[in-house]
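Chain nomenclature is as follows: A, B, C, D, E and F, assigned in order of appearance, with residue numbering initiated at 1 for each chain independently.
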Amino acid sequence: MYGILLPKHRYRVADLEWRKIYLGKAKLKSSSLITSLLSGFALVALVEIGIESDVSPGLIIAFSVCTTLLVSVHLLALMVSTCILPHIEAVSNVHNVNSVKESPHEKMQLFIQMAWAFSTGLGIILFLTELVLLCWVKFNTKSLHYNSAAAWASTGIVIPVGVVFIVFAFHFYKKLIAHKFDNHERDLDALTRMANELDNHNESRIQTV
Amino acid sequence: MYGILLPKHRYRVADLEWRKIYLGKAKLKSSSLITSLLSGFALVALVEIGIESDVSPGLIIAFSVCTTLLVSVHLLALMVSTCILPHIEAVSNVHNVNSVKESPHEKMQLFIQMAWAFSTGLGIILFLTELVLLCWVKFNTKSLHYNSAAAWASTGIVIPVGVVFIVFAFHFYKKLIAHKFDNHERDLDALTRMANELDNHNESRIQTV
Amino acid sequence: MYGILLPKHRYRVADLEWRKIYLGKAKLKSSSLITSLLSGFALVALVEIGIESDVSPGLIIAFSVCTTLLVSVHLLALMVSTCILPHIEAVSNVHNVNSVKESPHEKMQLFIQMAWAFSTGLGIILFLTELVLLCWVKFNTKSLHYNSAAAWASTGIVIPVGVVFIVFAFHFYKKLIAHKFDNHERDLDALTRMANELDNHNESRIQTV
Amino acid sequence: MYGILLPKHRYRVADLEWRKIYLGKAKLKSSSLITSLLSGFALVALVEIGIESDVSPGLIIAFSVCTTLLVSVHLLALMVSTCILPHIEAVSNVHNVNSVKESPHEKMQLFIQMAWAFSTGLGIILFLTELVLLCWVKFNTKSLHYNSAAAWASTGIVIPVGVVFIVFAFHFYKKLIAHKFDNHERDLDALTRMANELDNHNESRIQTV
Amino acid sequence: MYGILLPKHRYRVADLEWRKIYLGKAKLKSSSLITSLLSGFALVALVEIGIESDVSPGLIIAFSVCTTLLVSVHLLALMVSTCILPHIEAVSNVHNVNSVKESPHEKMQLFIQMAWAFSTGLGIILFLTELVLLCWVKFNTKSLHYNSAAAWASTGIVIPVGVVFIVFAFHFYKKLIAHKFDNHERDLDALTRMANELDNHNESRIQTV
Amino acid sequence: MYGILLPKHRYRVADLEWRKIYLGKAKLKSSSLITSLLSGFALVALVEIGIESDVSPGLIIAFSVCTTLLVSVHLLALMVSTCILPHIEAVSNVHNVNSVKESPHEKMQLFIQMAWAFSTGLGIILFLTELVLLCWVKFNTKSLHYNSAAAWASTGIVIPVGVVFIVFAFHFYKKLIAHKFDNHERDLDALTRMANELDNHNESRIQTV
């Protein structure tokens, strides 16, 4: 029973390690997908939009700043993703428990989190802003008789959406932390139970000896 | 017979858990695909459409509201999908029955349902509205001699389609509920049968003892 | 021999079930691919085409109706696909014969057939019509000296193609039905043979007893 | 030795069947990929090209005919592919040798060949023609001083390419036929050898009896 | 020891065969990817570019020739790829060592090499030329005050890149040949060693007899 | 114990080799993805941007140089990737430890690193520059009243992003080197421990003899 107990325990630890690797991999992959999608649309919008000469200079500055920020943030996330992903994929393809320790995912954890937070968090907020600015540039022009109502309507929708977005992000983060805490507690319980079993086993072995 | 019975039962429970995980994963994946497709088309339409100066202001406001809502709804769905999918994928790649309990899919069930309902349900209804508004903006202009007939024809087609859509959604939901109810009933039957077998087995064991 | 016979038979039934699931899955996947492709092109055509002011109003109405129908039909197919596909995929990933019975593919058979027929059948016919209408809108204009010959040539090609299409669809359907009939007959033969074997086996067992 | 011989032979026949299925599947898949690519470009060219008013009517008719043919041919190939592919995929996923006989790939062989020949053969020839016509429409206009030299140069390149294309297609077809003939001959040799071995084996068995 | 030796040797030969098949498959796949990408961009450039009337006729001829060549070369590579790939894939899916001999990859080796060399070698050189011609057409116009400096700068960058490209291609080819030579030598060594072992084994068997 | 020790050690070495192969493969794949994405956007920007006649000649030269460099760098990376990837994939599909030595990944290490560094490092820096130049070309024009503030804002954002980018690249490189050093040290430790065990084992064998 002693021999079976330990490998099982070690297996669980390896399992946890693998899960962390797969989590990092999935996060980087999904962040690079969103990244290429959203920054691509922002760029196409920058190149193809025809800005009329009566658009206020401040709006153009805001549009320029937002587009540049959006593309920069996504490029940073993309770079982090292309730097770390190959190393994680190389390790996860070998299917050897020992090689898990040689994966850079532990040391690069901060960068992975940053890339993911940048592309999903900051990136989506910036994209919503870009959408509002596009509506202002497109509708508040002389040729459409300065239809600022359309632009205000768009702004009025994006603001509650942004609030829902932040609330969800906060709620999700809280649930995730609680979920992690639960898992850690269960792991701790399992460890203490295992330690007790080992003690009992040793004692009974000593007694039988 | 007793030893084989229990693991089989436990296997079935694990099976059910796995199916829930795969269902959540498939739902999030398909919702993120539709999301990127439909919101992409809406954005391209917003950037590239040339709105003529004689389009009524109310129509422009409606177009602005619809596009913003469409993109916002899809971005929310996309965000939910990128937040939860990596955690589910990390768990479903480890292939360990115990790790199923550590997946956040159970606690996040509400968000998964919401993301999926948003992108398929609300998203498609909004897209049909966008299509009708595009026809009005495009055809009811001075250069095409205010061809409102074309715009009305488009509206006349979308309305029955929308009704069919809602009827299907309702019908599908009812069938799914009935289907789930059937499964639960079958599961309950299996459990009671199993409990009876155990009782008989124990009794016969007691008698043989 | 008796013990081997039955599981083999049961295996064949499970096999048939699996094939139905995979068929439904493949149909939904291919229908959603065509759907996104063709409706995407129709939408881009609607947004980007520059319709000149001398195009006849009737043509514009036809174009509007055709585009709306095309996009609606494909959106319906897409919705059916996103509703049912996750459930089928969840079942087909568990790889447990018992879970086949819990798949909704049997009850949703009608919807799957409808989604597939809509996107391949009606969808392609509508797309060919859209192509002809695009040629009329593009070529039969003042700037090209009302080049109706080009538009008629396009129409003249699409009509025989449409006929070939319908003939193929009919022929394919007939062959498929004949093919299914053959399979059912073979299954029936196998069942009667199996029943005879069982009878013989039982008789010989009775005789040996 | 007798018992091992036969299954091995049967295995080879199943292998051949599987190869035919995979070949049909791969052909349909590659044909549907080319199809969507080339017809997509043709459609974008039709919608987005700005034809000037001094382009000769004959050229416009040729352009209209070529585009319609190109899209029609590819849509036919796409339809054949979406009709047959799900049935083949359903069979190839079950991994049961007996189910091979129930695949429609044998009876649909003609359609598979047709879809593939249409999309690769006729489709590419039509695409090259479309390219030449695009050059004529684009370069032989008043605004570019009727630069027919550019159009002729393009035509002069496509003609030898078309010849190389047809020669390759002929050469490839001949090699494939020769290759199939070789395989059949080898199969026949193997069968006669097997028949001889069986005869010898039976004779030696008779002698030993 | 004799019985284990031979299968191992035969295994190695099968391994080599498989590697050749996978190499051909990977080459065709990567060539078809580049092909569709680069020829797609060239086509979009041809359809969407607005050539001004003061561009010199010679430049237009060069642009027309380069685009036609680029698309033709890629279509030829695409056709070769779609003709051969299904046959290779059908063989590589069966996973039977004997079927390797029936793959057309050996006889079609020349075509595979040609398709790959066309799409990567000639295709990229032509694409760089297209890029330079685009800069000339775009920048050396009256509306930009004949900014030939910008066009010359682009030309001045592409020329060294082209040289680096050819040097790399030469270097890569040399290394690959050396690498293949090494492998062949190692194979030969292994064969002679194996032959010696067999001789020794036979001699020792003769001596023991 | 001696027999188990050596294969385990050899297995570890093979593992390391496999990891290098997978790392090279993943790097080339991710570099070719970024490559096609970024160079595609640069090309579309070059073809579709409408440069006004009052843009300063120096800016146009800078734009021309940057676009050409960007596309050239990515094409070089793409070529390296298509040259080496098929050879690595062919080896990694055979799943034979001996074939690892025949992979060209070791000798081509320099090219792989170069392709990857070009597309992620130089490529992203050039893309950020392109973005700034696009803003200058688009916003600093007469029709927008020479809104240089918008262009300066964009430049002001990209500069710190570029610094963060370079700092990250440096930091990442340092961590990677440290990580590699750790692994090598651990490998060395394992080897010395193994050597000691072998010595002890041999000594004890000598003593027992």
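Following the convention adopted for this analysis, a contact is a pair of C-beta atoms (placed from the backbone, for glycine too) under 8 Å apart; a residue touches a chain by one contact, two chains touch by 3 or more.
Which chain is which protein? Per UniProt: A, B, C, D, E, F = Calcium release-activated calcium channel protein 1.
These numbers were taken from a predicted model, which means no experiment stands behind them.
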Intersection of contact partners for chain C and chain F: none
Copy pair chain D, chain E: interface residue numbering same or different (half cut): different
Centroid comparison with chain A (C-alpha atoms), farthest chain: D
Computed distance of Cα centres, chain F from chain E, in Å: 22
Separation of mean Cα positions, chain F and chain D [Å, integer]: 37
Junction residues of chain E, two or more chains touched: 44, 48
Ring path (origin chain A; first step to chain F): A, F, E, D, C, B
For the chain D and chain E complex, residues of the former touching the latter: 12, 15, 18-20, 22-23, 26-27, 30-31, 34, 37, 41, 44-45, 48-49, 116, 120, 124, 127-128, 131-132, 134-135, 138-139, 143-145, 147, 149-151, 153-154, 157-158, 161, 164-165, 168-169, 172, 175-176, 179, 183, 186
Residues of chain E touching chain D in the complex: 36, 40, 43-44, 46-48, 51, 53, 55, 57, 60-61, 63-65, 67-69, 71-72, 75-76, 78-83, 85-87, 89-91, 93-94, 96, 98-99, 102, 104, 107-108, 111
